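Which chain is which? They are A, B and C, in the order written, and residues in each are numbered from 1.
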Amino acid sequence: MKYILQRIAFYVFTAWAAMTLNFFIPRMIPGDPISALLARFQGQMNTDAIESLYVLFGIDKDASLWSEYVDYWKQLFNGDLGLSFSAFPTPVSEVISEALPWTVALVGITTVISFLLGTGLGVVAGWRRGTWVDGVLPVTTFLSSVPYFWLGLLAIYVLAGPDSFFPSSGGYDAGLVPYPDWAFISSALQHGILPALTILISSVSGWILGMRNMMVTVAAEDYITVAHAKGLPERRVAVAYAARNALLPNVSGFALALGFIVSGTFVLEIVFSYPGLGFLLFRAVGAKDYPLMQGIFLIITITVLVANLLADIVYLLLDPRTRKEG
Amino acid sequence: MNEPVLEIRNLNVDYGLGDQAVHAVRDVNLTLHRGEVLGLAGESGSGKSTLAYGLTRLLAPPGVITGGEVIYHPEKADPYDVLALSDNNLRKFRWAETAIVFQGAMNSLNPVHKISTQLNDVLQAHEPKMSAHSRNARCREMLKLVGISADRMDAYPHQLSGGMRQRVMIGMALILQPQVVIMDEPTTALDVVMQRQILGQLIELRERLGFSVIFITHDLSLLVEFSNRIAIMYGGRIVEEAPAAALYRDSLHPYSAGLLGSFPALRGPRRELSGIPGSPPDLKGMPSGCSFHPRCPKAFDPCSEHIPVLGRPDTTDGSTRTVACHLHPAQVPAGVSSPGER
Amino acid sequence: MTIPTSSIDQVIPGEGAMAQPEAATPTKAKRQRFRFLANAKATTGLVIMGIYLLFAVIGPWVAPYDPNARSNDLVAPPSGAHWLGTTHLGQDVLSQLLVGTRGVMVVGLAAGIAATIVSVVVGVSAGYLGGGWDDTLSALSNVFLVIPALPLIIIVASTFENAGSSIVAVTIGLTAWAWGARVLRAQTLSLRKRDYVEAARASGESTWRVIFFEILPNLSAIIASGFVGTVIFAVSTEITLAFIGIGGISNWNWGEILFWAQSQQALSQGAWWWFVPAGLAIAFLGTALSLINFGIDEFVSPRLRSAGKTKIKTASGHTVRMRVGFTPVLANTAAPRTHAVPLPINLNGATPVLRSSGKEGAQ
């Protein structure tokens, strides 16, 4: 339990650091793009909204940095991320909450599948080292070097099209309203398959290589020799002894990979015009919608931290050495 | 006592293939008799561990067995060659007939499984018909046998001390009541008190259960105390084999003498400690002839040219000992000595 | 009690044995140094990398056209005049690709160098200085490790008006150091406890001297692998940024080629030549860097080294595989392989003296 509390403390600290970073970035922007944009919406905004943007972006030159910082936190705790410029006057939190489920579903499901599949294949590749399976490795190396978005472009070029089963863009049919009925869900699935496959193909290679190398490393441990000496069935040695131990570093490597996969997925969403956070960020960048950009960064950071915490809990369940005795 | 249980015949083990190969074990002949403790001593790199892992085919790549036979004599069946077994039969043979206690108890146990799981694994693999209840009872019994209370069954390896872990390994080795137990530096990582305690316990268990032991260590003093016979290895070969007392009293091979001279006597008069000059041979560039000759204080002409035969020397107790040294030419070569045994 | 020294003490004890390790050490070190180059993966990676570097230098000169020059061949497929076809403005794709190599390599290497410097400073300081330094720096690198880098980079880069490639490189460099720092910290911690480092410290050498002469040389493989890793990350990030339209407007970064291909409907027009070559160029560069890193990994951790030949023919003609747990048996006969020879009779004359010494001891 102590371990989990430590990890939670660390993630709270990281979240604080990310939000503080978020506070300072707009204050370091040379020039003043915000004021110009504010001027454009001057007539349509109420004073509260303008006030909140002032706090977020530090335009109010009279206020001290510290009082701005305190106000910034107050606002965050109220869930107020300001108003979006590009979707004016919708609050940023609302815009993000529409896009978040799409990204979480797409990344979450594909990452879990990719991890399980890649780890499983890695176990086989590591255990059957020296057989034909080794021939697959150069292919996986190549695939893991291909940028997600380019693979997405290829997928669209080869598989999607006006007559194809796979739609080339969007998250669901334009004629439908997001509502949990069968027509909508099936349409969402149909739109999700191609982006999901693309993520799967690009990310699975990394897990295969990582797990394969860990299997090779673990296979030289004494307890593997002991397991063989005990006359255990091959399967038991490979799974309960080798793979079970090789899995641990792979799970803790999740933290690094997750940020990378999220980044890759963001760009992929752009390619597929998928209605998730990545595509939203792309549109925000294009429209210079700073409040939205900042909000997306905050939300995605917190989501990644939560996912990391889940990975830590899984690790805790897998490795008895991190559990406290008694 | 003279009935053999394990016969190693001209075992050869290489690391690597072709020109790159390093010959780690060369033409080793060794017989383990029923109920005895056979000590195997030598410096690191002498091939003693390679021999132990080689005879059960447990050497990791690039280890290769390039020749030889390992004849196992079951209690009530015909002898067979372990190296000729199929993978499945070898799995059945392992642990049930020959168990191993490995060097370094720290890493011998799987860190992510409970002790009970790892003990149970053996029973599940070898006695699938056994009920879960009786498996559990057997595990408890084994732990009790090696002096570990049954409530540690559900402990993980990291929760046990080094000595306890090694006891668990010994208990695990005996769980199927094998004929042969190979102990590879079983107590090297432990302190001296723990070493003697565990070895004493093991000898007691051997007397009760009647298994035979191959005891590998670089610590000749332990062997003199705990084993019946001792074989000395150098450069991948056995250079001398004799009853423990005879070897201690009167070692014939200069290398054995050197090893004996490098630790203090346990009993008897004080003697001067002397190491062996030089260092173990590089297996990649083995000296010609007797591989010990560059370090040997008594080497003479033929030593650098001819490999000495391991055989019975012409001494009063020569019938029970063998040596490979030109100083003591073989009267009967070891391999020829017992043609009727198979 | 010991066997008396005999009169035939012809070989000077120790001579042969002393000579052996002395001779063995330098050849072994030499062999190790060359093993990295002998590694097929590393060599392949380095060769491909070399080709990319070559084009980074000569690309703009060998490009057949000005990459910005328009022509009347709009979205033309590959032909003799345009080996890789043209864009919607009739620009030559091959020329864009060749000219773009320099930008990609410069930004990738610059960001890699920046990140490596930061990671060495942070990682080695944390590992070597320990205490409060370690806690602070470790927390800092862990924070950077879990914050998703790309959104952060996108936001930072987009807040600058027309972010140039130098800003892109610096931003990537400042966000990509954390992994390297973490690995270096762990390794420094273990190095610090080694005897020779303890000895250097005890003999009063200054902290900087110990770090530069005792620690850093032993971290070189890890630093190199971290550098290659960050270059991979930097290249993919800068290309991604260019692809979504941030940074590198003028230097024909490959991401920019893809940006135009995507925005000008290359996909629906079937203009594969517009986006396939750039993607392949990225993929091969990434593969080359990964191969170099595999080479370093295998150099550092011998367990990963492939054992060379893994299939062997036994004496009876079967093929067996080398694998853990079942050592292959090549020949299963009890015939001795090397022939020990009993001494020729004429030498027996030298032995009687010794034989009696053996008898003496037995009594």
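Heads up, the rule we're going with is that a residue touches a chain if its C-beta (ideal position, glycine included) is under 8 Å from a C-beta of that chain, and two chains touch if they have at least 3 such contacts.
Quantities reported herein were computed from a predicted structural model and do not represent experimental measurements.
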Pair with more cross-chain C-beta pairs in contact, given A-B and A-C: A-C
Chain whose mean Cα position lies farthest from subunit A: B
Chain closest to the middle [Cα centroid of all protein chains]: C
Geometric centre distance via CA averages, subunit C-subunit B, whole Å: 41
Euclidean distance of C-alpha centroids - subunit A vs subunit B, Å: 54
Geometric centre distance via CA averages, subunit C-subunit A, whole Å: 27
Multi-chain contact residues (two or more partners), subunit B: 53, 58, 60-61, 90
Residue list for subunit C, restricted to those that touch at least two other chains: 307, 310, 322-326
Sequence positions of subunit A contacting 2 or more other chains: 130, 219-220, 225, 227-228
Interfacial residue positions of subunit B with respect to subunit A in the complex: 53, 56, 58, 60-61, 90-96, 99-100, 102-104, 107-114, 121-122, 125-126, 156, 158-159, 169, 172
Interfacial residue positions of subunit C with respect to subunit B in the complex: 1-3, 5-6, 8-11, 13-18, 20-21, 24, 307-310, 312, 322-344, 347-348, 350-351, 354-355, 358-359, 361-363
Complex interface listing, subunit A residues touching subunit B: 130, 219-223, 225-233, 236, 240-241, 244-245, 248, 318-321, 325
Footprint of subunit C on subunit B - complex, ascending: 9-10, 12, 17, 26-27, 53-54, 57-69, 81, 83-84, 87, 90, 246, 249-252, 254, 257, 260-261, 269, 271, 277-279, 281-282, 285, 287, 293-304, 306-311, 313-317, 324, 326-330, 333, 335
Sites on subunit A touched by subunit C in the complex: 10-11, 13-14, 17-18, 21, 25-26, 28-31, 33, 129-131, 134, 141-142, 144-147, 149-151, 153-154, 156-157, 161, 168, 213, 216-217, 219-220, 224-225, 227-228, 234, 237, 255-256, 258-260, 262-263, 266-267, 270-271, 281-282, 285-286, 288, 290, 293-294, 296-297, 300-301, 304-305, 308
